[in-house]
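Two complexes, one shared chain (chain A), two partners (chain B, chain C).
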Partner chain A sequence: MSGARWHESLARLLVERGVAPGEARRLAEDSRDEARAAGVDPAELFGPAAAYAAGMARAARPAPLAALTRTRGPVVLRLTKVVKRYRRREVLRGVDLTLRAGEVAAVVGANGSGKSTLLDICAGAAKATSGLVERAASIGYAPQQHGVAPYLTPEEHFRLFGAVHGMGSRRAVATGTHLAAGLGWRPRAGAVAARLSGGTQQKLNVVLGELNRPELILLDEPYQGFDQDSYLDLWTQVYAWRDAGAGVLVVTHLLHDLDRVDHVLELKGTEDR
Partner chain B sequence: MLWTIAGTSLRETGRRRAALILVIVLPLAFYAARSDMQGQAIRFLALGVGWAVATLALFSHVGARHLDRRLAVVGASPTALLLGRQLALVGMGLALAAGYFGLVAATQDVNRLWAVGLLLGTTVLIAAPLGAVVSLVLPRELEGALALLAVMATQMIADPEGALAKALPLWSTRELTGYAVDPVGSDHLRDGLAHFAVVALLCACAAWIAAVVRLQPQKLPEPRSA
Partner chain C sequence: MRQQWLHGFLDLCLLCLLLERRDYGVGLTQRLAGSGFGDIPGGTLYPSLLRLEKQGLVRADWAASDVGPRRKYYELTGEGRDAAAERVAVWREFRDVMDRMASRAATAVEES
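After this line comes the complex of A and B, so read on.
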């Protein structure tokens, strides 16, 4: 790739990763000047544009606000002996959990252990066979699949979900765009969801789940398709929501990020009866 | 919220260009196939419009099923979700009907031309909720499309005077076509409009009940303070 094309590519990739266009241009120009001063091809000096853009975008992103003093608030979700049975098959058996505002809970377990079913029950999309589910009224919900409409653009999604939350069109788009930047993504006007990569669709799914600043955020394996940086951004967001006073319930099958969460609920799955 | 849902639904459908072209072409094919017989041509045209709109409604509601469930969980009313999508579908259906009304006006010398507009409009007003009912009862595309095929094909071949034809949703289209084309009395108009009113009401109620049953989230109590 020629030097000029490398710099153009860098600027475009930076914008795609959530860096403001003016700032992206400035960073690309800085890289060009540095490569010229060194008298080498930019690809030789900095490596592939995509990898370099990922690192730069991360560094250029506004630092999250200083961590708030975390206070645990009222209970936003309480599950008491929740059971879910499909005919003879018991999917969930006696699940108990208490999640307060300002806490993060991770639901872990093997495939088929009932993680998504539990999240659906917490959201109100499915009914528990027995047990008690108490939940805050204001929730954000990002399901594992089919969370977005393939023929709508991200802006149209923001308007649609914003209308449900009583937000004006402009405010919904501004909020959605701001939240997307936190995940290293700048929505492109006119591109429908079906044309976004799997990871970007998932970012849209997550942004829609937090658009209304809910008291309780329910996320079902929200990192599918994410690259490493986006994955780290997501967990940074999760802890930012927690510090801002939301309760967060994350369904996951990755176990290496559980040291900072407040509760780990392991679902074992049950046998057919 | 209603208008936002209707607007997004219109945009979603508008972006499925190939599907839209087929929706436009289907009634035209029916009309062209029987263009030598005025009454048959108009009846088949109207049934084609009905079939196309009902199929569009079926796929629109089935495609939006997961998103609508998500929207309902975070606070959207199932009634608003159904009404918003129906508004978009009826709008598109009436635009299609208006286009074909223009075609009939330009190519046929019809006894009561205004009644052609009426029968095309009533067909759209039945077809949109009919597609929604099928989508909510049979929430998979293939099963729903086959169910619509069975209803529409039976409607076309059933004896119009028999009980079976009268039990099918678009019998009013046939009655109103007779009134528009033939020198008959106003009893055809009265019977057609009465059948339309009953069927439209039944379809709208069934679609609303099915939407509420499918989309209404569980009512969960707020946590007691510990």
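After this line comes the complex of A and C, so read on.
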């Protein structure tokens, strides 16, 4: 991507992330001059525009009001000594976790340490070899892959997922459209999911997970920042769900500041034996 | 682990460097590297500087230089200088506690 385009998309991405347009333009101009002064490409100096916009937007937005004492609700997910074995490979060895409504748990660990497997087990999409999984009845689940059906439009997704939760089709579409608007996305009629950009597919996935105001939200953080698409600031969304009273379990593949998270579950991964 | 720690201390590092003297972004990157912290990516550095600016601890000004293009210079505000001094004191206290703990652990390892 050329320098000029990088700065243009930075300005746009900052606005999408809630920075006032005037300030977004000023920050983009600053970045342009800074890169020019350093004599390098903006992407080289600042990294991908999407990731940089996320960092700058977080820094630029007014500080949130002092955190109120959060109310933690009932337990929405309890894992007791959960083990998963594939043939002779032990992927999860005795995972314990108690997550309450109004809390966030982050699952971290190297590739192949069983993070996505754990998410599937929590969702009920895979079975634990042993151990106990207890969870709230109403869950939202946004996996990394297979979250959306490529040949259905967003509206059809809303109806389909709404039906699962016993919502009428009109209410499902209205709710889905409303939630999408909250993420800065207005679904166009007729475009199937396969035709949506990566960032928009992610938004669809998040809307579907949220459709029924679930008590427990399970999600897999997308690998982002490698293209210039407007990905959500997922963590802003995570804390918004938490503050609305949901328990959130996030599988994360990137290094983050995990200070604000209530539980960090580090999976070690295992060797074959 | 080093990277994660540094992430937590970057604001303090920047306050310390700017307490010494005002500087521009690339200059700060070089001084951080020269101090032994390795290369800090611009994607990490500039958001930190912006945050400090928003907190009123740092003031940024574009200045023309005699050679080459104009650059954005960062310097501490009065409040920034106070914050730097205060945080350095807190850091020292924290470091002493950690040192004592690490020494006890090292002794325990030797004795076992």
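Here is the rule we use: the second predicted complex is superposed on the first by the 191 of 273 C-alpha atoms of A that agree within 3 Å, B and C clash if a C-alpha of one lies under 4 Å from a C-alpha of the other, contacts with A are read in each partner's own complex, and residues count from 1 in each chain.
As a working rule, a contact is a pair of C-beta atoms (placed from the backbone, for glycine too) under 8 Å apart; a residue touches a chain by one contact, two chains touch by 3 or more.
This structure is a prediction, so every number in the text was calculated from the model and none was measured.
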Counting residues of chain A touched by each of chain B and chain C, the higher count belongs to B
Going by the contact rule set out at the top, does A:A181 touch chain B (first), chain C (second), both, or neither? neither
Touched partner set for A:K127, first chain B, second chain C, both or neither:
first
Using the touch definition from the top, say if A:R159 reaches chain B (first), chain C (second), both or neither.
first
Note to self: By the touch definition at the top of the document, which applies to A:F46: first (chain B), second (chain C), both, or neither?
What the structure shows: second
Chain B and chain C footprints on chain A meet at residues none
Per the touch rule above, chain C residues touching chain A in the complex are 3-4, 7-8, 24-26, 41-44, 46-48, 50-51, 54-55, 62, 68-72
Counting only contacts in the complex, chain B reaches chain A at residues 1, 4-5, 8, 11-13, 15-16, 63-64, 66-67, 69-71, 73-76, 217-226
Per the touch rule, the chain A residues reaching chain B in their complex are 74-78, 98, 121, 123-127, 133-137, 139-141, 143, 145-149, 151-152, 156, 159-161, 163-165, 169, 192, 208, 212, 214
Note: in the complex, chain A contacts chain C through residues 27, 30-31, 33-34, 36-38, 45-48, 51-52, 55-56, 58-60, 62-63, 255, 257
